[in-house]
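We call the chains A, B, C and D, going by the order they appear; numbering starts again at 1 in every chain.
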Amino acid sequence: MNAIAEFTIIPIGVGVSLSKYVAVCEQILEESGLSYELHANGTNLEGEWDEVMSAIKTCHEKLHEMGVPRISTQIKIGTRTDRAQKMTDKIASVREKL
Amino acid sequence: MNAIAEFTIIPIGVGVSLSKYVAVCEQILEESGLSYELHANGTNLEGEWDEVMSAIKTCHEKLHEMGVPRISTQIKIGTRTDRAQKMTDKIASVREKL
Amino acid sequence: MNAIAEFTIIPIGVGVSLSKYVAVCEQILEESGLSYELHANGTNLEGEWDEVMSAIKTCHEKLHEMGVPRISTQIKIGTRTDRAQKMTDKIASVREKL
Amino acid sequence: MNAIAEFTIIPIGVGVSLSKYVAVCEQILEESGLSYELHANGTNLEGEWDEVMSAIKTCHEKLHEMGVPRISTQIKIGTRTDRAQKMTDKIASVREKL
């Protein structure tokens, strides 16, 4: 089951600057082989449901290993059976209606 | 890795009434053996990360089998290493500060 | 425009225990006169769109006054024109399908 | 109070294709004068809290006027008092740690 997803990971209890931790997650995504794209409020990614979820879990595990005591993550995940769709299709689909 | 989570599943393309589909997910959670609680904007659940995520995936699979062409789900998932915490602890923790 | 909403407020940069801040928000909701209910992953509330959003904004303002340097909040907000609906109706609607 | 936000609007009860409605929201954002950017899972925007929330409310109102009976929207909104930050800064901040 293919999925288009987004996640925003919030390390808690490590101060106000979080970009170091987000960078570690980006590295995990890079190594996962999944398509992904960082944006101002999270990271979009796409692929098989299990691979997407596994990458997010690895982020939690890695950040805890780095000493982050608490993590809160928000995920959006979409699946569809009517047609194949990529992240780029979603944006193109809106743009052609503008 | 234990997790406290919430998910809100939105079946798309099946009209305006979604409660039938949410009920199917509640049934899946019931069978999962996980602790869960339906509320007005989603369902809270807790357990091992993989079991929590597996239950949500099963909801997507089951709803697609029922003919839902598109599903958008939002998940919040929290993990912590500083101490064990249950869903009921989180509420109690706020209430004792009121 | 009536709305059923949920919000989860995450104070960042104030350590790992957040319940003190959530309790302040509960107090703000109590004073707002809106219907609300704390659950394990957020707070549900309902009322006029502007009043709901105003209460959430007041939480941000108050927490910043208390010295929280950074706040990340997630909101779900639903509106419908097909029929009037209360938070309790949503849960009842699922339960009758179980 | 300046805010960096994201919203994902899901029209319910109007079939499986939602891009037409997202395009209407993009138009509303264009007219609002706020900085915004569409991505694969939502739209990022930044500005004064009230202006950001007003734009999202206008999307709900406009979509209901177009006949959408039910709308579910997810918002992330972040504020900070420790320093001024733009959406582009958040991405740059992660990238320099990679």
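Descriptive notes on the structure:
To be clear about the criterion, contacts are C-beta pairs under 8 Å (C-beta built on N, C-alpha and C of every residue); 3 or more make two chains touch, one makes a residue touch a chain.
Since we're looking at a predicted model, the values are computed, not measured.
Compared on C-beta pairs in contact, A-C and C-D come out with C-D as the pair having more.
To find the repeat of B-C among A-B, B-D or A-D, check which pair has over half of the same contact pairs by residue number; it is A-D. In terms of their C-alpha centroids, the spacing between chain C and chain D amounts to 19 Å. Each chain gets one centre point, the mean of its Cα atoms, and the points for chain A and chain C are 25 Å apart. The set of chain A residues touching two or more other chains comprises 13, 16, 69-70, 72, 74, 76, 78, 80, 82. Contacts from chain D toward chain B in the complex involve residues 10, 12-13, 15-16, 18, 69-70, 72, 74. For chain A in complex with chain D, the residues that touch the partner chain are 4-6, 8, 16-17, 19-20, 22-23, 26-27, 37-42, 44, 46, 74, 76, 78, 80, 82, 87-88, 90-91, 93-98.
On chain C, the positions that touch chain D within their shared complex are 1, 13, 49-50, 53, 57, 60-61, 64, 68-82.
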